[in-house]
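What follows is one structure encoded as structure tokens, with my remarks underneath.
Letters A, B, C and D mark the chains as written, and numbering starts fresh at 1 in each.
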Amino acid sequence: MTFLIALTLFVLAVFLGVELITKVPPTLHTPLMSGSNAISGITLIGAIATAGTDYSWLTNILVLGAVALATINVVGGFLVTHRMLGMFNRKR
Amino acid sequence: MTFLIALTLFVLAVFLGVELITKVPPTLHTPLMSGSNAISGITLIGAIATAGTDYSWLTNILVLGAVALATINVVGGFLVTHRMLGMFNRKR
Amino acid sequence: MDTFVQLGYLVSAALFILGLKRLSRPRTAVQGNMLGSTGMLVAVIVTLIGTEAAGIGIIIAGVILGGTIGVLLATRVAMTGMPQLVALFNGFGGIASLLVGAATLYPDLAEGVELEATDLATGALTIGIGAITFTGSLVAFAKLQELLTGDITQPAALRAANIGLVAMSAALGVLLVVMSGSIWMWLLALAALAAGITLVLPIGGADMPVVIALLNSFSGVAASTTGFVLGNSLLIIAGALVGASGLVLTLIMCRAMNRSLGNVLFGAIDAVAAGADGDRIYDGKVTSASADDVAMMLDTAAKVAIIPGYGMAVAQAQHAVRDLTRALEGQGKEVVFAIHPVAGRMPGHMNVLLAEAEIPYEQLKEMEHINPSFGQVDVAIVIGANDVVNPDARDDPDSPIAGMPILDADRARTVVVIKRSLSPGFAGVPNPLFALDNTMMLFGDGKAAVEEIITALADL
Amino acid sequence: MDTFVQLGYLVSAALFILGLKRLSRPRTAVQGNMLGSTGMLVAVIVTLIGTEAAGIGIIIAGVILGGTIGVLLATRVAMTGMPQLVALFNGFGGIASLLVGAATLYPDLAEGVELEATDLATGALTIGIGAITFTGSLVAFAKLQELLTGDITQPAALRAANIGLVAMSAALGVLLVVMSGSIWMWLLALAALAAGITLVLPIGGADMPVVIALLNSFSGVAASTTGFVLGNSLLIIAGALVGASGLVLTLIMCRAMNRSLGNVLFGAIDAVAAGADGDRIYDGKVTSASADDVAMMLDTAAKVAIIPGYGMAVAQAQHAVRDLTRALEGQGKEVVFAIHPVAGRMPGHMNVLLAEAEIPYEQLKEMEHINPSFGQVDVAIVIGANDVVNPDARDDPDSPIAGMPILDADRARTVVVIKRSLSPGFAGVPNPLFALDNTMMLFGDGKAAVEEIITALADL
């Protein structure tokens, strides 16, 4: 993938992100924030892909930290969002 | 560009197109249709890129036809949209 | 160099996106169209610079030829001819994609170069979809331009043939991928061209706008698959944007008519066949009136609603209607226009015509907004509209147009209907509105009739 | 194999998109979150299958460790602690991006392998933005968790330091690209970590939600640039989606407070400094009331509006408020909740709390809907809200919060304000509402005060 194709993907996704989020009701700001925050934990797959490419102790530690921290972000983020939304939904 | 990256671009653009167009007022259906129709004339750049890759008379004729027809679509499409929108806008 | 081209394509894609975004809001639509055309210009310039201009002669010849024709068509056509012109342009886009696909694949196929299966598959899609778009759009054009008139006698046979041809195209596409010979490519093109004709031929003229939007979506997809064949990111993106937006527009229109896409494509003729016995409904119940009668009725009215339809476009009556409006307003009456979303032959058709006649936008009321207040309307003047004010759609569940939302003109105190005869509108069904006690028919050409009313009003 | 991974990534990206789309509509939000997490699962599985699992031990250890901590944190936290937890998670995402960036670049940098300038540049961005996200989020967490309290004495100095550190980070990033040594990478990380601290430290606690949304956007961008470094399409797309949506959310919130982003980031402290002389406003004009007084007032009311604010969250008074509502409704009164978009410390904060107490969604009225009808409200009960009902924002153009839209509680026939003292809310400005003739203050903890009212009502 060339840099410019990568940039094209980036630009398309930015436009899409803007369109998806404009006009959310304030009620949903908090769950939307924590839900999209969980998605930003996608860096986890970067961490996984990086593991095992190098055997120096320094990179191994960096990678272990990256995997663990990104997992907290992902797992915690989705769970907490679910809990929050659950409170809204009991009412409908 | 691999096929799957191409497919990824396609999928992103489809999502984006859907988001951009949902909830257009009926008033704008006709100009929107002709405006997006003009954009579909983008195949013109495909025609241009194809010109000169091969010198057989058959491909040359195909390419000439493609360039001319796509140009009609592009030029005519944008112009006609502009005329239509002009009628709306005089009033504001 | 490649980086430069890619960067230009990215800028162009962004301009298309911003353009579409603005095109879909009334205030910014003109600007949106400008952005779109700027994007196209950027794309063309970048491509010209970026490719070895070996075929530059062909390119220049093609652009001059196409540009001239495009400008002539776009500037000469009357506003009423818009729908068919858009169909025609759309067809040209489709065949251009077909030709590009063929021109790219043909040399390699002819020389027996081994091609990737994905390239062959997307090439086959380009050719198939481009071909359907082309002939389908031409048929739509011919129908709207009334080059093709008269009833289609064998809709069922055409539909069967269409299914056969689409299946055959698919099979030929698979053969092209598997066997990789140029003969399959040409056969595929032929089958798909025939499929486009049989797809659109049996569809009623009233449904053409939906068909055009759908074919517009097709032409976008064809451009996009061309991008797959050429490895061109901008073609992929722009084509996909148009493909998606065309499909969304199609579905929005179907929803406005309360019909499914399948029903539009495969159900229209049956509906027309179903409603024919207008005589029984109209017999002895239709009140015919003169322009003087209408003027007297208007004289005592305080609130007037004008309902334009396809007939107003045919009669080019929009300027006369504007004059009538001004005359009535001069007498202190309130005049509004009730605009049905599918009045005319094209979405927004009435808005374009009335805007042309400089009727202020604020005076045009959408269906949902005006319907609840028809009870307060003293006189509803229906000019060349028919299906969009047919109470059967609302009241008779067995009507072929049952469920289509309508303007409740029949709830006005008095209804004046201006048309040339009792013949039906595009859905082909009779309209009980014409036989109501509070309806008076003013038979005649739309423009002439309105002008007569104006004169009669002045003479009162 | 690569095709398989790419296909999995495409599916995952589509799931994220659908997830975000649904998350932004109340009816589909739960489903949206499910789709998002499914997308993440697909991405992880595909990555595990697709990469040579050389470091599988590390991966498993990391996932188990992180997963356990994540589950514990997410299930243990109280609803009032949500904002800071989101900040914390966000910081972890930021540092993970930083670490991935460093782990990818470091081996090559250390061995002197020549790297593309674009890889180094996006690597520098990853490290810089990841670092700012990390420390910025930690400071936001500490502020919200009230680990960091007290006024920041030198906001101007901190801001100057912040500008210096950001400039330094940029310079170090350029050095990294040009000189390509690992030392620049570590220095860059340090400078950016310090920049994150100095960025968030001077910002007032009331503005933390905006800051968190902004840092959320940053963490998305950091993930996206990680994707550039690794050539990973999914990271690019998902990161960009979050980056854009975080920014849009930030701007929506700023608009709800009628402030610019620049003002939020660099102007908050001044506002707090500006409003201090509450004494003059309140002196001798504040009417203090007992729970019995309030109950008597409520007894004659027909329409009651409850306005919750941050204090209700602090007091955990939502269940008591629900009981009060039921009691009043039992006496045939109409009770509505007026929800200000930035009441509390987090957008939607009040909605979450009231939903927890099972107050029906239909009873919650948004600001624009309730404001025109405050004239018909007999008693407005303000529970722990302050800034969002400050009439100065509407009437005094010199007020530090001038222009922020407020709930027009002062237009109700009678206002009851429940809070512990006359001390200001988070904007730090005095509130003339408390000194109005038709306002009675019920001093005390929110929960206790509401319970007293319920008892008093029952005893009437």
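Criterion: contacts are C-beta pairs under 8 Å (C-beta built on N, C-alpha and C of every residue); 3 or more make two chains touch, one makes a residue touch a chain.
These figures come from a predicted structure and were not determined experimentally.
Q: I want to compare two interfaces, A-C and A-D. Which one has more contacting C-beta pairs?
A: So, comparing the two chain pairs, more contacts are at A-D.
Q: Between subunit A and subunit B, tell me the centre distance in angstrom, where each centre is the average of that chain's C-alpha atoms.
A: Whole-Å distance between the two chain centres: 35.
Q: How far is the middle of subunit C from the middle of subunit D, if each middle is the mean of its Cα atoms, in Å?
A: 47
Q: Report the inter-chain centroid distance for subunit A and subunit C in whole angstrom, where each centroid is the mean of the CA atoms.
A: 43
Q: Please compute the C-alpha centroid of subunit A, do the same for subunit D, then give the distance between them in whole Å.
A: Here subunit A and subunit D have centroids separated by 17 Å.
Q: Give me the residues of subunit B that touch two or more other chains.
A: Each of 1-3, 5, 8-9, 11-13, 15-16, 19-20 in subunit B touches at least two other chains.
Q: So which bits of subunit C are touching at least two other chains?
A: Those would be 17, 21, 233, 237.
Q: Which two-chain combinations touch?
A: A-B, A-C, A-D, B-C, B-D
Q: Report the residues of subunit B in contact with subunit C in the complex, numbered from low to high.
A: Residues 1, 3, 6, 9-18, 20-54, 56, 58-60, 62-92.
Q: Would you mind writing out the residues of subunit B in touch with subunit A in their complex?
A: Residues 1-2, 5, 8-9, 12-13, 15-16, 19-20 of subunit B touch subunit A in their complex.
Q: Which part of subunit B faces subunit D closely enough to touch in the complex?
A: 2-5, 7-8, 11-12, 15, 19
Q: Can you name the residues of subunit D that touch subunit B in the complex?
A: 2-3, 6-7, 9-10, 13-14, 17, 21, 233, 237
Q: Sort out for me which residues of subunit C touch subunit B in the complex.
A: Per the touch definition, subunit C meets subunit B at residues 16-17, 19-21, 23-27, 29-30, 32-34, 36-37, 39-40, 43-44, 47-48, 51-56, 58-59, 61-63, 65-67, 69-71, 73-75, 77, 79, 82-83, 85-86, 89-90, 92-93, 95-97, 99-100, 102-104, 106-107, 110, 116, 118, 209, 212-213, 216, 219-220, 222-224, 226-228, 230-249, 252-253, 256, 341-342, 346-349, 351-352, 355-356, 358-361, 366.
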